[in-house]
Every structure is written in C-alpha cells, then in structure tokens.
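In what comes next, chain A is part of two complexes: it sits with chain B in the first one and with chain C in the second one.
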Partner chain A sequence: MADFKATYKLKTNPFRLTPATNHDELVWAGFKEVKEKFEKRIERSIRIPNSTLVLNWGEYGSGKTHAARFFNKKDVLRALADKTGKAIPYSTVISLPKGKEPIYSIYISVIDKLNIEELRNTFSDIVGDVNTYIDSIGSNLHIQSVLKAVFNSDIQHLDIKKYLYGNMNATELKSLNAAGILRSLKDDTDYSSILAGLFSCLTYEKQKYSCVILWIDEFEDIAVLNNANIDKTNNFIREILDNVPNNFLLFLNLTQSALISVEDLGQYVYESVKSRIKERISFDLPNPEVFKEYLRELIGLFREGTDDNHYFPFEENVIDKLIQELGNVSLRQFNESLSLLLELSDMDEKCPINTEVFDSYKQEIIWHKD
Partner chain B sequence: MSNICCLLDACTAINLIHIDEDDFLLKKIDKLDVHINDIVFNEIKANVGKGIDKSVVDRNEVEKAIDQKLTFFRGKKNDNNELLNDIGSDFFEKIKIVTNYSKKLNGELYSSAYALYLSRFCEKKVFFYTDDYPAKEHFSSFFDYQQIGHIKDSVDLLVLLYWLDDKFTEQQLDNELSDLHSQYATEVTILKQKLQDFSNSNVDAAFKRNKKEIAEKLKILLNKLDKLDFSDIGALYSFFETNKSKCRGILDILKNYSSVFELEKKSDTETLLDKISHTRKAVKGNKIYKWNDLLAD
Partner chain C sequence: MREILEYYLNACQQAMIHENELSFEFSDHYLIAFSFDTKVDSDDENFDNEYYSYNTISSLSDVDKLLGQVNQFTSLTIKGYEYLGWREDLTEGKSITNEMYSFVKKVNSFQKGAILNYYTHVNFGDAMCDDAGSYLFHIEIEKHLWWNIEFSRHIVKKNSNTSRVPEFYTIFFRKNQPIKDDKSIPILSTNTKVRRLGYFKILSLFLDENKQIPANSINKRFETFSAKYKGLLKENEFNKGLISETKNGISAKPYIEAATDIELLNKINNIFYVGKSFKVYQSLKHEYSNSSNIFELTTFDKIYFLERILKNDYFYFSNLLELFFVEEKIAYSEIVSLFQNKLIKCLGIYKKQNQYALEGYKSPDYHTDRKVLNNIDTILNRIKKWEKADVYLEHLIMPRLNWMLDFGIITYDSFNNEYSITEVGLKLFKHFCIWDDINTEKIISSNMFLKRFMVHLFDDCYDNENIANSDDIKLILEKAYKYIEDSFKLFETLAPNRVTASQAANYTKYKLYFDDHIKVGYDFILNKLSEKEQDKFIFKYQEQYQDGYIQIKK
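Let's look at the complex of A and B:
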C-alpha cells in the first residue's frame, strides 16, 4: 500500500465510525446551525443561573452522540466559557441504563467520572463557603454530611469514593462516623439527592464551574424499561431538575426507533418531564448542499498539506454520484460509504478517486436498507 | 389446584423467574397443575443466570433469589428415566420422527413428547407454554392432530394467572406484561448494540472484501433488529453458526442473546413483542372477565 498521508493528503481516515481515541480527531464539521444552537444553549447556561432540559432529536446516525462527545471536550467548553468570562462547565456524558436499577446506574456513571482529588484541589480555597452552602441545601443531615465529606481533604479520597460506591462494610463505615456519616446510601432517593447536592456544590456561585452539563445518550432505550423503571427514570429527571434549580443543563439524546416513535413518546416521557423541555434540537437528514459543506470542512480538518480540490482525494462528481445513489440517508451512512471507498482505493492504490474508481466499488460501498 | 395442566418451556420459566418480584407470580402458578420436563429444567438451570442484569447492586442477592425460585421449579419436574422405563427407551426419538423434527433433541421436543404423555396419562388437555415461536409453529400441528391441547406463550400464561385470581389486578397484569416486554426488548437492544459495535470496530474494507457474505449478513441482521423484524432471523443465526470459523466474534455475541432468535415468526404473524403491546392495550379497553365479574354483571 502507498503511504496514505502522502497519497491521499489526509492525516487519517476522517470517516471512521468508532469514536476517535485521539481527542484532536473529535472535530465538528459543517452543520453550522446545529452547532450554533448548542453553543448558544451552553453559553446561556454558563451565563445565567437557570436549569434547563433540552431534547436532541434525530434518526440513528444523525450525529447526536457525536455532538455529546464534541461538546464534552474541555477545550471546546473552555472556549465557550472564555467568551463569557465565566468558569468552565462540568460536563459528563452517560448512556441511559437498560438494566433493572436505572437510577443507581446513572448515579454510578457520574461517580465513576468524579475525580475527588482534583475536585478538592479546585475547591480548596472556598471549601468553607461550600460547607456553609451545603447546610442550606435541604434538610437531610446525612446527605449534607456525605457532600461535605466529598470536599473534606481530611478524609481519604479513596475512602469516600468507596463509600459513594456502596462498597464499605460496617466496620469501615465507622471511620466516617466522625464526619456524621452513620449509614450507607441505600435507595434511589439517596442517589438522586447526592447527585443533586453534588451538582449544586460544583456550581456554587459559578465560581469553579459555571454549570453542570449532563448528557443522557440513547434516551430512546427508555422504551425497553418496564413500567416501574420508566416511572423511576421520569421521576429522577423531574426531581433532579427541581432539586438543582440553578446552573444545570440536561441534554437528552433521543433517536426515533421501532420501539419509540413520535406518537408513543408520551407513553415513555411523562408530561412532568415534557413540560420542562425548554428546547428541541433536531438533527435532520442532510440535504446535498449541507452534506457537501460538511464534507469540505471535514476533509479540511484532516488535510495533510494542501490541495485545490476541497474534496481531494475524491473528485466532486464522485460525491455528487454518491449522494444520488444513497438518496436521503443519515450522515452515518454517508460516512460509512466514504470510509469504505477510501479504504478500498487505498488497498488497490487508486488515487484520485474518480467516477471510474467509484463505479468499480459501487456494489461494495452502497447498501440499501430496503 | 386448578384443573388446567400447564407444561412450561425453559424460556417461559426463565422469564417468570426474572420478572417475578416477591414470589407474586410463583404463588399464583403454584395453584396450577404445573409440569416441567427433566431436560427443560436442566436448560433453565444452565441459562437462568445469563439474564441477570450486569449492573445490579447486589449480584449475590439476585443469585440467591434465583436459586430459591429454581427450587420451586425443581419440584415440578419429572424424571425422564422413569418415563422411559414406563413407555420405552426410544420414546423421544420416536416423537422426533413423528413430528419431523430435524434439529437435535432439545427442550421443545422433549416438552412436546412429554405433553403427549401427560395428556394420555392424566386424560387432560395440556397447555404447553413456550415463547419459542419457531418451535410453536413446528409442533402446533402435532398438538392439534393428537388432540394434546394447545401451545401458548408467556403472555397467555400471565393472562391465565390474572383471570384465575381475584386479587390479581389489571394494573398488576400490565406491570407483569411490561416486565416481560422489557425482558425481550432489552435483549434485542443489547444484541443490536453489541453487533453494531462489532461492525464499527471490525467491518472495514479488508473485512468486506475477505468476508463479503458475512459482512452482508451482519448488515441484514442489524437492519432486521433495528426494525424489530424477526422474520427469517433463525436462518441468519444458522448461517453464522455454519461459518463460525470465519466469524467467531459474531457467533459469540449471538450465543449470548439466543433468546432473541426465539422471536422469529412467519412474516404474516405478530411477534411476541407486538403481542405484549397489543394485549396491554386490549386489556385496558376490553375487559378480561374473572369469575367475580360475571357475578357482578
């Protein structure tokens, strides 16, 4: 095989379907309107104190998960925060659990990503103020003690992490008694209260983090839950929004599927949650112009050196032919076909990728669902 | 004990074990004349652990609860050695031939043969409960011709338990049906996700070129799972099984979610998932009468 970079003038295959392991490869191309909507929404949450629920809606492969990953990047969030002169948001992406204990699973996903050592360093100069603030959150003394322990450097960070995971036995728990922690966390109310308290503390006076952004991806999987867990999930969202009235931005990524359509959405997402949705961001199937703009930008971001043809190694008429062949499909399907086309050309050392090359691979790269 | 003779297949018993909370269903099933074939019980024992949610807080506790429930089903199983001593050692083989069953001897074949035995021995109609739709389709004519009884599924069993028990409320029935739906829908969703992950990580141009048919069939299976179209999925499973040397990774995934392939149906019939949804809606609009309802009317 020829040297990929030199031949195709690309750093790597830009159309890969697996999540990028290299952070720099997680880029945003085209779809300016959608990007602006997210930027505005996040900037708004950075600036103002209100908590917000946003529903991201689109077909499978339309870019919702990518948006979550992109806007979860620290450099992207830092740039948005810098525009407003406020602190960076604390952002986390989780998938809606499909198991029998969804709230516990959501809680564990957040705790998994909580770096207590880093948190304590960040909050070391305002820990007194945070403790005073914790006293003002609700009336549950146990939850207040746990929250204080999270920020208290006198307690080993691994001990508190173990406690949050529910892995402390009765003897070990005694070591936390002096901190006012006399029992284990035991039910969904505890888990929701800890998360709500934690989110509120993280964004105390917007000093260290301007807001908490939680992305729940694959929210359509609520349709595979049973009645009890659909209830629990709806109640969790309602409660977390009520109990974190400030500085909280919750994105729900929802894909229309055979199990969940627009018509039966109400069966799974209760009115109490729907009424709290402030904005719906739609990921529409790209029209030819939108797709070509995306492609130019994407290739530009992966360009090695320069080329007058913005689509190089593809000739523009190849892109037009591909659009024509695939018809109205998701971005994912376009990427899949282009990825295969590029890889096949590389294997057979064909460059540039013109209509002749495209035609020779057409059967291998185009797959119609129906 | 009710007069209704119920024979349970492994999938139905496993579903009951997983969806039952506080022995609510088991206490009701205990009032029925329940039977399980020896071999089927072994299948239950071997496969019930696969369905435990990986994220549960206390797995030991869940396993303990399952063991207790298994004890209940153990009490309902027969002894095939005794049966074969009574009626001849080639009984199951004979039924395999009579029913034109081409697969190797499995739980559904043993259950169908055992149903014949029960019907003749007890002089009762037997209701065989299985969610294995391909098996249901295969053995239905045998049940009809031999006047053994009927082949039903877990939805029918739940509805039976509902109308037999005055205290079983409509909301509880809906919850049980919702649990059953969740059981299967979760399996389908996770299987689809695992296959999609496999495809994203492995199916590149080289794979497509070297294993063209495998890539093609994988795509077809993914598309079917996406649309909840279970027609002919058994043939896809068999394809991957036949070509296991070329697609070990795919087959390993399929084996872990084999219950999904029991959802296969003829293209003109409804799937179990559809049936659950329809039944939930129907029960709300069209009452299923209990004895007390007749008296009240």
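Let's look at the complex of A and C:
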C-alpha cells in the first residue's frame, strides 16, 4: 500500500462498510436533500422551544446510523448553532436496548455519557437559577434533590455518579442525606423522571445548551421485544416527550422492512407516540444521479492532489456499469462493491480502473442475494 | 378366469407379459394388470427368463400357455400412466390424478368398498438408464371382483368424462418442474360453532369501528356487535353457527380464534388489529361485498375467504372435498366414520413420498428433510390417538361442511340428510388433482399454488364465462401499475412512500379481476415488479418474511 496515495490519488479507501466511529472520517457526501432535512430539523429545535419526535426510515445500509453519528459531531452541531446565534445542542446516540430492562438501559447509556465535572463548570454561573427552575418542575422532592445534587459542586462528582448508577450502599447513601437524597433510584418512573429533569435543566432558557438531541438507533428491534418491554418502551417515549415539553428532539431510526404479520413497524408504536410524530425522514435507495453525485463528493473529500476525472481512479463508465449491474440496492452494497474493486485493483496494481479491470473482478464484487 | 382374460384380450389394444405381470393396455394410456406367481420359481434354472421379461399376448392360445405356468394371481390393478419425457412438448396438460379419481368413482359405482388402495407415483424404470420416468396411478381391486365379468365390462367401458386440464396450467406441465411446496401441513383447529363465514364479514364491519381491541374484551364486544344480525342469520339459507349474547363472550370466542388463525386478525401485545391480508378485504368490501343478507357470500367474499381457508387449512379441507368427490352424496355419520382413516391414509402417502425423496429416489428438485417427516409423524400420531374421535370430528367436520355450503361447494338435502357435491366442488377438486400432477406427488402446502393460480382457479370453478386475458401485456401492466399506485394511499403505513408488497399485489389482483376481467396471479404481479425493465417502483422482497415492500421511484 506504500504508493496507494500516489497511484490512486486518495488518502485512503473512502468506502466504508459500516459507519465510521472516528470523527475525522465521519463525512457527509451527496444526498443533499436528506442532509438539509436534518439540518433544518436541528436548526428549528435550536431556535424554537417545542419538543419534537422524528422517525427516520431506510433500508439496511442506507445511512441512518451514519446520519446519527454525523449529526452527533460537535463541529457539525456547532456550525448549525452558530448560524442561529444560539448555544450548541446536547446530543447523544444510543441503540434501542434489547435486554430485560430497556428503560434502565436507556438511562444508563445517557448517564454513561454525562460528564458531571464539565457540566458543573459550564453551569457554574447560573446554578442558582437552575436550582430555582428545578423547584418549579414537578412535585417529586426526591427527584428535585437528585437533580440539584448533579449541579451542586459541594458533592463529589464521583459520588453522585455512583448514586445515579445505583451503586451506593446504605452507609454511603447517608453522605447524601444532607442534600435531601434519602433513598436509591429504583424503578422506571425514577429513571425517566431523572432523564426528563436532566434534559430540562440542560436546556434551561437555552442558555448553555439550546436543545437536547437523542437518537435511538435500531428502533426496529422493538418488534423482537416481549410485550411488557414494547409497553415500557412506548411509555418511556411518551413520558419523556410529555415531561420534557421544551427543547427536546428525539430521532428514532427504523429499518424499512417487511414483517410476517404486520405491514410495518408502525403497529409496534402506540397511538400515543404516533400522535407526537412531527416528521418522517426517508433514506431512499439512491437513483443513478444521486449515487454519482455522492461518489464525486466522497472521492473529493478523500482526494490527494487533483484529477480532472472526479471519479478517478474509476472511469465513469465503470460506475455506470456497476449501477446497472447492481440495480436497486442500498448505499452499503454500492460501497461494498466499490471498496472490493479498489482493494483488488490495488493488490494487482491496476490503475486506472476501467471496464476491463471491472469485468475481470465482476464475479467477485457483485453478488446478488437469492 | 379364462373367460375374463379372453374378454380383456379382445377389448384391449395390446396385451403383454412383463416381470410377473400380465397387462392389457387400452386407449388413453390405461392398463388392467394382473400380477402372478409362477409354478417354477424365478431362481430355478428351468425358469424361462426371456418369456417373462417381455412377451406379447396376441391370442387365446398365448393366454392358455401362460395359465399353464401360473401358480396363482396375486393382484388386480388398474393403472394409467404419463411418460414424463413427453411433457416438454405437450399442448395440453394430462391429469393422471383426475383420471385415477374417475376410475375410482367408476369402480365405486359398481360396488362400494371394492378398492383396496389407490395412489400415484413416479417410476424411473431402470436406474442405469437416463429415463425421464413415468408418472402412474394405481388402483388396487378387491380379490372378489377379479373374476367378475360384469365388473370387467364395467371398467372397460369407455370413459365419457375425461376432464380437460385448463390452459393456464399447460406451461407448468411443460416445464416439468415441481412448484415449490414448503411441506408444512396447513391445519386449522376449529370449534364446531364456527359455521358461518358471514360472521367474518360482520367482523370486518366491527373492525371499521374498532381499530384496536384489547384481547380481554374482544369476545364480548364482538358478541354485542353481532347481536343485531341474529334476524338475518335466521332468514339465511344456512343458519347454523349463531353468536348469541353471553356474560363472558364465550359464544364469539371460537370465531375470534378462527379469524386469528386465518390471519384476519393479528394480535400484538394483547391488542387485536386488522390482519395484513384482511386490510385488503376491508378496502374492497364496499365495492364488492354487498349482499341482501350479510350471511350470503358475494363472489368477492368467496374468492377472498376461500383463499384464506385453502392457505391455512388445505389438509382437512382437501381431504373432506375428496370424500365428497368420490362419494358424491354422503351423510354426516358416514363422513365421521370415514374421515379419520382418510386423513391417516393421506399422511401415509405424504410420508412415503418424502421418504423416497430422502433416499434420493426422486430427482434432486424434490427437496426434503427430516423435519418434514418428523412433522408428518407428529400429526399422524396425534390423529391415530384421537379418543372419542366422533366428538372431536364434529369440531373438525361441522365447520368445514358449513363453509362448503356457504361457498356453494356442496348442498344439503335435509330430507335424506345427505350432502352432495356441486359442479363448483367437482371443479375445485379437479384443480387440486392437477396441482398434484404438476408436482407428480401429493402436495402438502397449497401456498405457492394459490399464489399462482387462485384467480384462475376461482374463475374456472365459479364463472363459466372463461374470459381470456388480453394478449396485450402492456395494457395489463399499465392497469396493474395504476392499482399499485392507488394502494399507496389505501395501505399507508407509518413509513413514508411505502406499501407492503402483499397488500399492494393482492389489491391489484382483485381489482384486475373484478373491474377489468383480467386474471393474473399474485406471483405474476410480484414477478413483473422484480423485472429490471420495470422502472416505476422499487420492489424489495424479503424471503424470511415471505413479503416485501414497494416504493415509488422518485
């Protein structure tokens, strides 16, 4: 691979089979419409107070997870916030938990990502206002005390984290008694109340964070949960939307799939949740023009040096041929084929990749299901 | 004995001896065959191998020569055959199974109980030869009729009703490849109360008003809802199966259970919703399901519910229909006495043909595995062990008899207390036979056949107009695509720009049939959607769900 960069004029192989986790590699190419939809949605939540539920639909490998990770990037969110002159959103991506206690798992995923030290620093100048605000939300004194303790620098940040995880024993808990915390957190109501309160505090007056964005990926797995957990998950979503009336944006990623006895996943989502859906964003399978635009931009982002051919090292007719051969497939399948084609060409030192090269690898890079 | 053989010899086209069998061949490829033991054992060096391996019998003296060497006759079988190597070139399908049944009826009309056994099978002849094989039927006759001259005359008499195989099957015969049979036995368990299909029509009205119904209250609520139709049931030609009002909904319960089993209802998390397929019925019932009495089925009701039942209950339903086909007229008590054995026999055939497949007896296309056999065994053992079979059989037979009455497949003569099969029933059974013949074995699951032939079959059974489809495939597709587009509005789901493939295709299938008199199969529509030239829609099929979804290309 020593001269990969020089030969192919690419920093690295741009075709990923799974979404990147490394922030620098998380780039957005093409698919302007979808991107704009997300930007608008997030901008709106940055600007206006109302809480919103958005469903994202798409085939396996159509880019839903990628979108979640991309729009979870600080610099992307910062740019959107700057446009409006407001604070940056607080954003988190989690997968729908499949275990026995889905609400506890969601709660833990959020707490895992919560940096209390940093939070206290950020909020140090308005902690008094936040405390007053906490007194105004709900009537549950216990939850109020816990929320205050999160922002209270007098309490060790590791102690409160330990408490939030539910790892404090009775003796340790005594140290928090003075803060009004007299019992442990124990059921789903506690967990969702803490999350709701926390989200409300984070976005207090849109001062430090303009909104909270929560992405629940793989939401289609709700179909494999048992009845009780389908219930719990639906109730959680309803409660959190009810209890965080402002500055909350919830994205649910769903795979476009057929199911045995129902038309689609809609039947697993209760009316109470459905009625709160504000928008449905669809990740359609790319048509040839959309795909080629994506490809030009993607290669551009990875380009080392310059080339007149925007598709280099591929010849354009190779791309056309590939699109024709693959038919209606997801972006992931396109990426998969191009990635293989590039790797194989590199191994055999073939460049540029013309139709002759393509034909010689065709069998290996294109496989049809069924 | 000699007289009988002489009679056959004079009546037949040719007679021969082949491997301990004396057979007389008649026109239309059927044979009357006697097997026999010779006085000289075949291992004996005096055994005339050449004589027995193949020899024509052309005169009475040949018969006498044979009789001199025969120790005893061991069986009499009526056989018919089709050489599978000819299938590729045929212009019309040949239905061995239908021919078998017409002989079975013929024998029965001479004397009931004269048949020991009947079945079809494939014979590949010598394993060393690359032979396409022959597909045969066998009817084994009781010994006491072997030498009865009246019987001989009766069975040799020319068959008048050789049934024609409808043209739409021809291509499948020509392919000479089985249609995929997933070999899971479709069985509905029913309660004797579920007798009126009209209650499913009422259920659809009930679901118009109630989109989601908690499991613990659906029975009671459906009972209350159905109360107003009590008078109409009384007035209807068939009036059994009343849902009466009870404290706890016990009267509606069997109907709700049956509706769930035939996928009209779907239960998620203890809430009932309209089933995937029933939504299509819901969307079309205003156009096609109006009858003066709700318990009377319209043509649309019939095609819809018949498909649901054949899909989910082919095993019981087809076996019951076979009884009617063979007996023509039969009393309830007689059905009860015959049915258990009928089912056991059928499962025996399933088992046998799949054991062969497992031993590589058939071509590799006949995929099978242990699981299929185990499943057959489980059901076989269960049925063999039925205690108080007559009580159990009431729950099984009564609903199906009544459904058949609703469908017009049978009629009931209350004076003689007898059920008789109608023209519709006769035709329907013939289609089942043809399905077996396409696969050259008794089919177990009807699913893939219904997906291809349901509309054609229905049109043939119920509507004798026999409308021929236009040759203009473009026109058919244009209409089909229009209906698929319409289905996006009718079956909207939570996901944007998406419709479930089975709903769109079934809707299209019904619309084409009822509005445009075009007969297409469900599979035809999906196949057309899959073609590369098709550029209106994106169609994704997911094998594991036996369904898929369609999106409009933007």
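Everything that follows uses one rule, which is that the second predicted complex is superposed on the first by the 356 of 370 C-alpha atoms of A that agree within 3 Å, B and C clash if a C-alpha of one lies under 4 Å from a C-alpha of the other, contacts with A are read in each partner's own complex, and residues count from 1 in each chain.
As a convention for this text, a residue touches a chain if its C-beta (ideal position, glycine included) is under 8 Å from a C-beta of that chain, and two chains touch if they have at least 3 such contacts.
Treat the numbers as computed from the prediction; the structure is a model and nothing was measured.
In the superposition on chain A, contact is made by A:166 with chain B only, not with chain C. Applying the stated contact rule after C-alpha superposition, one finds that A:328 touches chain C and leaves chain B untouched.
In the superposition on chain A, A:55 makes contact with chain C only, while chain B stays out of contact range. Once the two complexes are overlaid on the shared chain, A:97 sits against chain B while remaining clear of chain C. When both complexes are overlaid on chain A, the residue A:108 reaches chain B alone and has no touch with chain C. Of the two partner chains placed by superposition, only chain B is touched by A:347; chain C is not.
In the superposed model, A:285 makes contact with chain C only, not with chain B. Once the two complexes are overlaid on the shared chain, A:227 sits against chain B and chain C alike. Contact with both chain B and chain C is seen for A:257 once the two complexes are overlaid on the shared chain. Contacts of chain A with chain B, set against its contacts with chain C after fitting on chain A, overlap at residues 227, 230, 257-259.
Across the complex, chain B meets chain A through its residues 19, 53-57, 174-175, 178-179, 181-182, 185-186, 188-190, 199-201, 204-206, 208-209, 212, 219, 223, 226-228. Contacts from chain C toward chain A in the complex involve residues 212, 263, 266, 268-270, 273, 275-276, 279, 491, 493-498, 500-501, 503, 532, 538-543, 545-549, 551, 553-554.
Every residue of chain A that touches chain C in the complex is listed here, in rising order: 55, 57, 59, 227, 230-231, 254, 256-269, 271, 274, 277, 280, 282, 284-285, 287, 327-328, 370. Only residues 17-18, 60, 97-101, 104-105, 108, 166, 221, 223-230, 257-259, 339-340, 343-344, 346-347, 364, 367, 369 of chain A touch chain B when the two sit together in their complex.
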